[in-house]
Structure formats: C-alpha cells, structure tokens
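In what follows, a single structure is set out as structure tokens and then discussed.
Note that the chains are named A, B and C in the order they appear, and that numbering of residues resets to 1 at the start of each chain.
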Amino acid sequence: MKIVTRDYLFARGWRSAAPILLLLPGFGLYLLIAVGPSLATAVYSFTDATGIRGIAINWLGFENYDEFLFRGAASRDNIAALWRTLVFSFFVTTIQFGLGLVLAVLLNSRLRGRTIFRTIFFMPVILGVAIQGLIWKLFLLPGGGPVAEIFSWIGWSSEFLGGQPRQAFAWVIVVQIWANVGITMVIFLAGMQTIPESLYEAARIDGANGWQLFRNVTWPLLTPAVNTNFLLNIVGSLQAWQLFLVLIGYRPGTQVLGYLVFAEGFGQTSGSVSSAFRQGYAAAASIALFMLVLVIALAANAFVSHREKKYLS
Amino acid sequence: MKKSLTWRLAAVLLAFGLIGAACGSDDSSSPATTAAPAATDAPAPDEPEPEPEMAEDVTLRVLVHQNPPMVEFMEAFNESFEASHPHITIDLSVVEAGDLSIATQTRLSANDIDVVGIFGFSNAAQSYMSGAVPPNWQTLIEAGLLMDLTGQPFVDNYDEATIADAGSFNGKVYSINLGRVSYSGMFVNKDLLAANGLEVPTTWGELVTACEVVKAAGNECMTVGGADGWPVFVGAYGLLGAMYPDQEALVEGLWTGDITWDDDQSVEMFRRMQIYTSDMLEQGVTGLSHDAGPPRYAAGDVAFMPTGVWQAPALESAEPDFDWTYVPFPGSDNAEDNQYLFGKYDQGWAIAADTPHPEAALAYLEAFSEPDNYQAFANAVGFIPTQPTAVLDTHLGREVAPFLANYRVGFEQYWVAPAGAGQWANGSQAAAWFSPFNEWTDHVALAAQAQADLQAGLDAN
Amino acid sequence: MTVLNPTPDAAGASVEPPSDEPQMDRSGRTAARRRKLFSYAILLAFTALYVGPMLMLVLTAFKSLPEFFKNPTGWPESFGFGNFVEAWEKANIARYLVNSVLYTAVATAICVFTSVLVAFPIARGYLKGAKYILLLYVVALFLPPALIPQFQLILNLGLFNTRTGFILLFLVNPIGLIILVNYIKSIPRELDESAAVDGCGYYRFVFKIVMPLIRPAIATVTVLHAIGIWNELVLPTIYLTSENLYPVTRGLIVFEGLYGSNWPALAAAVLILMTPMLVLFLFLQRYIISGLTAGAVKG
C-alpha cells in the first residue's frame, strides 16, 4: 500500500489505509455532488438538452457557443452582459476592499464598543441574498421610503431600482458591498491580529507616525489577508447575480452574466409564459462565465503571488 | 505577542497532555468534538405511491402557482372533493408563478405529479418561424408528458374557442383552461371626468385632450404600478392592440417582413407609447409597485389607470365608493379599432401522462368542471369565465360584459422571438424602455433599434 | 493560489490589538483624542447604514398593510404582534421549522465532519496527490452551479422529494474545506510526531486531538454552512414537493402573490426566520475571527 507519503507518521502497513478510508466519504461526496454535475454541464453545453424527460438530446458541437458569442443581436447583448459583469466586479472589488480595510483599521484600535460595531457590520452576511434584497427594496422604496425621504430634504430624487438601468445597477453595487463588506473586514481584522505589537513599538521608537505605521508595518504584514480578500472579492463579485434577480428582475441593460445563465436555463426571460427550456444553451453560457472567472482569477493570482514575493521575502 | 506565545504554549502543552490521555487509556469517552457524527440519520424517504386498485386509497398530487384567492378556493374545493371521494387525498403544492415552469419541468420529469396547473397555451412555433425555439407547453406535449384529454365529457363544459385556443395542439386536447384575463383596458375615474366635463374617451385624440384638461385642473392623467417594470408595458398593450387589432397577423408580419417596427404605422405607435410613458403617466410611478397602484388610484385625483382586470378587487377594497368603469385603451384615432379587449388565458389544468392514478385525476377535473363548482371558482378569482354557462357577476363583470364579444388573444401570447434577436426586438414592450424607466428618449431611434434587433434574429436563421 | 496554500506557520489568533496611545505628550494626546472622535464619526455613519435598513424591516413588521402604503417610513401606530401571528400561522412556520432545523443540523454536521477528515491528510501532505485534491476543491470555487445535472443525479438515485436527497445537496463546501486545511496547517506538526511516538493511532489522533484543537475553524465553517442551508430559497422549490418536507423558507411564498406582496407580513416572517441564525452567530462569533485568522489569512 503506497497511498501515504513518506511524511506519514502513523502506523504503516495495512493500517496506513486509515487516512484514505476516512477521507473517502467526504471526497466521494464531493466528486458525486459537485465535480460530476459540473463536468456534466460541460458536456451539456455541446447539446440541445432541454432537461425534460422524453426529449431526445442531440449533439450540436460548438453551436451553442457560436450562438452565444456570435449570432444576431443577442450576442451583442450577451457581450454587453459580460462587460457589465466586469464593471460590476471592478467596482465591488475595489470599494469593498477599501471600505473593509478602513473599517478593520478603525476597529483594530482600542475603541469602546468595537465588538458591537464588528457584529453590526457582519450581520448582513447571516441573512442570505433573498433577505438582503428584501430589506433594501424596503429601504429604497421610492415615494415615501427612508432614503427617498432623506433625498427629498436635500432636493434630490432618484428612481432607485425601478428607473434608469445605470442607476439601478449602481444601487445593486451598493447593496452587494453592504452585504459582503463584513467578511472582508473580518478577514482584514484577523490578519491584523497576527501582526505582533512589538513591531509597532519598534517603529514608534523610530518616530513613525500613524500613516507610516500603517504603510510600513500593517500593510506589508497584512499581505496574506490582502491577497485573500482580493481573490475572494473578485471571484465573489464575478459570480454574484442573485441580488439582481431579487432587486431589479430581468430588465434590458441591467443583467450580468450569471443572471443571464439562470434566465436562459429556467425560462425567466419572458415572464414564464412562452419561454423555452434551453439547458444546453444555458450550459454553454455558464461555461463561458466559468472561463471568464478562471482567466481573471488566474491573472489576479499571478499578480498576488508576485506581490507576496516582493513583501514577504 | 507575549500573551499569544504563552497561550500557544499552553495550547500545545494541553494538546500533548491530551495525547497522553487519549492514547494512554482505552476508555472511549470522547472529548467534546464540535461536529457530531451523523447520529441523526435522515429519516426514511416517503414511500412511493402504491399502484392503484379499486377503491384503494390514493393521494393525488396537484401543483398550482401562487395566487392567493385561487389557493384559498383550492383548499376549500379540495376539502369538499375529499369528502365526496373518501379514498382520495389531495396533496396540493403551491409555487411562485415565476417558478411554475421549472417546477412543472422537474416534477413531470420525476413523475412526481398527477394534476398540473398550467397557463393557457400560447402560440406554438409556426411554420413561418424558422429557427424558433418552441414554447414550454409544446415541448412538454412533444415529450409525451401530458395526457390526451380529447373526448373526456368535462371538456364539453368549456366553450369551444377556449379549448381550441388555450388547450389544444395538433387537434388534441391537453388542457382545460379556467379563465381569461384582460390587460388591455384602463380603469376610468367617472367622478373626476364628470367634474371636468369630460366623456369617457373613445379615440386617441380624446384621450390626449382629456389628459390635458385634468392636468390643467391640477389632477393627474394616469397612474400605474411602474416599479415592477412589466405593468408599464402591459399598460400599453391596449395601445398596441388598437394600432394592430389583429395581433396574430402582426406577429406573422413581423416574422415575414410585411410589417416592421420602423414602418410608418409602428413609428406612430412608438410615438404614442412615448407620450403614454413620459407625459400621461404621473411623476413618481417608477416607485409605485404593482400592488400599490390601486390604493394610489383610489385617492381619486387620477383620471385613468391602464392595467389588468385583476386589479378590480384591490381597487374595490381600497375605496368601496369609488365610481369606476373599465374600457379598452383608446389607442387608435378610429373608434372602431378601440373596442377590443385583449388578454390571455390564465390558469388551466392538465394531467401528467404517466400518472399512476388516471381515474382519480380525471375525476378531479370532472368535479372541478361541474358548473356549480366552476362558477364558485370564477367568483373567487375574478377571471372572465371560459364556461359558457358561467357569469362574472361582479362590478367588473358588468362593466366588461359589452366588450366580451370582442375579446381577443394578445400579442405576447402569439409572439415567439427568433433565436439571436436582440433585447429590444419585442417592440410591444417599448413603453417600458422610454425615460424615466429606461434610457430611450427618441421614439424614432427606438423603433429603428427594435427593428434592427429583430432583423438580426431573422437574418441569423 | 495564495489563499489556499499557506506556509505552515504558527497560530497566533489572540494578539491584542495595537495600542494607539503609548506614552505621549499633551499635543499627542489631543491628536489621539481627535483621531478617536473621527473614528467614531465614521463608524457611526456606517452603523446608520446598517441599522437603518434593519430598523425599516422591524418597523414594517409592526404596520398594517394600509398603514404601510400610507406611511412606509414612519413609526407604526402601535406595536402589536398581529403580523407575527399571521406570519407564524399562514406560513406554517411551526410545522416547517422542524424540517429546517433537521436539514441544517444534519447536513452541517455531516459536511463539517467529513470535511475535517478530508482536510487533515491534505493539510499534512500525508496522501499522495494531496496537492491535486486540494486543487480540485479550489477549482470548485469557480465552477458554475450545475442545477440540472444535479437534479438528474438526485432523480436517478431515487432521492427526489426525500429528506435524504435534499440533505445530500448540502454535504460539500469547498470554501469551508480550504479554511479547515489552512487552519490545520497552523497546528504544529510536532503534535503528530509525539502522538505517533506515543503509539496513538490515526483515528484516535484525528478524532480526539485534532478536532478539539481546530474548534475555531469548525465554528467558522459551521456558521457559514448553516447560514447557506437555512436561507436557501430555490432548491426547496425544485427538490421538495410534499408539504411535510418543506423548510421554513418555502412557507414565505404565501406572502408573494402573482400580482403583489404583503410587505408587513413578509417582514414579520423574515424576522422570525432570521432569529435562529442570528442566535447561532452570536454564540459562535467569538470563534469566527480566530477561525478565519488561521483559516484564510495565514499565508
């Protein structure tokens, strides 16, 4: 039995099967529930599958991809959704990252009540997307809602989620950040707590001010948390779409790629009545999304590793 | 740092100590593990349905979409049905309307459903629609998942047009439809018009004038629940219908190129849609949700509310004394063209072809279709009845009675978009694309864009 | 991938935050005070952004529907619990609660337990190809949800519309696994050595030594995973069709008509629904930072 490496410290011989035996249930479940269906999605993307029992499935080759990326004006809309996904991801990643860092820095000092603040900012994470969306639909109620009232005091008005696509889109960015900045903040906080106080003391003796402390001690030593947040934010924002479903629904000029996949696959594009089942096409769209996320995540990871070498060596 | 080091040392020492404790003795009392193993195993799955035998107990699984008055009626009906059929139990499940298609798809595929609530059949893919993806219901029938109901006695309880338009495919009946709704009309505030010396408008010109008059008097012309998006363009379906009274011909024309969104007639329609969206609707409707529409309208200072007949009960409960009528939206200059009510077939029933209990399922539909039961259903949900003997005996029923002879199926029920068409190709929704709901401000440009998006799809196949 | 491949480093979860005020002269003291005020101002502004929407939800839950339409923002006329009673009864919460608790508890327990058993040998490099197994989990972060193949799977296993089938959907959590792997790496390897020297078997070591030691990571993964199951809205619609199997979220739809929704009752139902997770979070939150510290940050 040579399944264990040389590092394995426990009893060898037949008893070295222990780690693999214990690993198998979890890993097997993973293959069954996650990996298998995902591979099946890739296969589906080359067919005209409908997801309905009794309908023959035909092999289409790259036709779904061709349609998604090149056919008619729909491809223009798909590519626009792709760009929109990137724009959404850019704003969410950068703002959430910045805000999370600011909040973490503030809460990492000896302020009274910092646990309470931390709990409050983390709270939306435990609500789930549907409830987050519902809360903000209420909060952004035009004509009498709290934000509308405040806007009216200073003579502003907004259509919020029901108006111009750009505005509605911007509000979804706001809600997405509101909902997830708590995680970013907590990861930063966790990172800051691993930085030894002695380094700050040493820097202070050298006469460093607050900004210099941050720049020269906190920031470089925060590298692992920075990298984690950077990648999690990018991947999370590229895949986020449920808030669009909950907050604005399927309207021209607002969909991101993830929403498009769901809508195509489950006939949500035209309000449920005469829509069609196009699982194959939706699978192709979702593989396109996967590729996009993979490419950006790999690029981001390359950048992050480079940065890590710079700071940590 | 010091503290952390101490702690860590302590933790490591403690851990080493535990090794001794855990490994040195054989006692099996476990220290606290946070994740308990799966002691509570999942309970046994539900037993599969037993094969039906005579008078054996059966459970009939019924699926409907969420619509509160209908669900309430269904619960009462099921109770009485169970009382008269003691061996049958009804298992009713309710899903959101948006999820009905996916629930139908999955449950039919899983053979886990007997009676399916299904929307009235819209247009099948026609011979002139090359490359069109067929609608859901057609796919289900072609997959052999819906039972052929042709010749069942209860089918005759419904009017022939309904069975033909909303429940048949290739000459066979697959669904009985339970009611129509109309969405192409508008509610009219009779008191407000009278106070301003106005008649109910019957042409586009009269409507424009009426709006000017009520606005000049400090009131509002129209309101609609704009926040939800779709009520905006549904409010303009009457305008579309008045400009193109034969909606089936419009769809065919758009596919064949005989009609284009940028021809003169259509450009004029887009112009009127923009006037409706940008001038006639009051300010702030972008924030008015669909269900907030009737309470807003009931305030009395708005002349018209273009929306579906289903909002009548909400309007009545918001203000019982409100004096209203419901007329077709006068979108055309020609009063003749403004007398049609357009709409769609709503909820209907179909039976899963593979149901283990065909007799029980048929008995269920038969009981439902009995005129008394059907009338009770129509009263509860306020649909325009599809059984010729039933009447809609409500305020709304009386108001729309004169137009029912001119009831027609609306554009959205015929429209199937060509694959590859762009997002602006369905020009019937253009009302929702003008400012303030979306970014378009020029109707000519939007008309050209709509046609370009449609043409791109037609050319791609 | 950096997040996912940290160097085994010492755990140091409980460092005190750096002090802002060592010995300073008076001007330094006022500067520090000003900075503190500034900090509070920012934090309070953000708190408003968080408390405001929640407050709106709570106030809505106490209004009648007409009252809500008339005055969505203001204080309710009275604080009655009518909406809560209505939500509790109409959404069948009492009946569905048992299911929700069962699904969440069982699936989370199995998921966390099996994940630890996968994470430990990977983190220690005890198995050949451990790197690739980890990579497989990392790739999963980017995978699109495979709803339809998953449905076909459950169907073919004969688990459609069963508790087992529904729980099966929630038995893996790639992010959770990665957090566990990273946390385990922060536990000194000497522990393994000494256990092995003592003749401790692998089973016993993992169950009795490792599991208690990684409690913060387990708490973190437990909370994150439980939240996901508890709040799930779409999957119950697809996989559960018998009413006696519904989780609580499935009951919410009674407030969403085809043509409108009953905001106050919905708000009340949502408040009821979120309470258990809130309690769970408040109980476990002290672990979460330390769990994430070693689980996601150590690099």
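By definition in this document, a residue touches a chain if its C-beta (ideal position, glycine included) is under 8 Å from a C-beta of that chain, and two chains touch if they have at least 3 such contacts.
The shown structure was predicted, so the numbers you read here are calculated from the model rather than taken from an experiment.
Novice: Determine which two chains are connected by the greatest number of contacting C-beta pairs.
Specialist: A-C
Novice: What's the chain with its C-alpha centre farthest out from chain A?
Specialist: Of all the other chains, the one whose centre lies farthest from chain A is B.
Novice: What's the distance between the Cα centroids of chain A and chain B, rounded to whole Å?
Specialist: The mean C-alpha positions of chain A and chain B differ by 32 Å.
Novice: Compute the distance, rounded to whole Å, between the mean C-alpha positions of chain B and chain C.
Specialist: So the centroids are 35 Å from each other.
Novice: Averaged over CA atoms, how far is the centre of chain A from the centre of chain C? Could you give it in whole Å?
Specialist: 15
Novice: Mark out which residues of chain B touch at least two other chains, giving numbers and ranges.
Specialist: 1, 97, 102, 106, 109 - these are the residues of chain B that touch more than one other chain.
Novice: Can you list the chain A residues in contact with two or more other chains?
Specialist: Counting only residues that touch two or more other chains, chain A contributes 51, 141, 145, 196-197, 266.
Novice: For chain C, what residues touch not just one other chain but two or more?
Specialist: 12-16, 151, 195, 200-201, 205
Novice: Considering the complex alone, what residue numbers of chain A touch chain B?
Specialist: For this pair, the touching residues of chain A are 50-55, 67, 71-77, 141-143, 145, 148, 159-166, 196-198, 248-249, 251-253, 266-268, 270-278.
Novice: Please output the residues of chain B touching chain C within their complex, sorted ascending.
Specialist: Listed in rising order, the residues of chain B that touch chain C are 1, 3-4, 7-8, 11-12, 15-16, 18-20, 22-24, 30-38, 40-43, 45-46, 61, 63, 65-68, 71, 91-97, 99, 102-103, 106-107, 109-110, 112-113, 289-292, 295, 308, 310-311, 314.
Novice: Which of the residues in chain C end up touching chain A in this complex?
Specialist: 1-3, 6, 12-22, 35-36, 39-40, 42-43, 46-47, 49-54, 56-57, 60, 71-73, 114-115, 117-118, 120-121, 124-128, 130, 133, 136-137, 140-153, 168-169, 171-172, 174, 192-193, 195-196, 200-203, 205-206, 223, 227-228, 230-233, 249, 263, 266-267, 270, 273-274, 277-278, 281-282, 285, 288-290, 292-293, 296-299
Novice: Where on chain B does chain A make contact in their complex?
Specialist: 1, 97-98, 100-102, 105-106, 108-109, 111, 119, 122-123, 133-136, 139-140, 142-145, 226-230, 284, 286-288, 344, 412-413, 415-425, 432-433, 435-439, 452-453, 456-457, 459-460
Novice: Can you name the residues of chain C that touch chain B in the complex?
Specialist: Residue positions touching the partner: 10-16, 66, 69, 102, 105-106, 109-110, 112-113, 116, 151, 155, 158-165, 167, 188, 190-191, 194-195, 198-201, 204-205, 207-209, 211-213, 215, 218-219, 222, 237-238, 241-243, 245, 253-254, 256-261.
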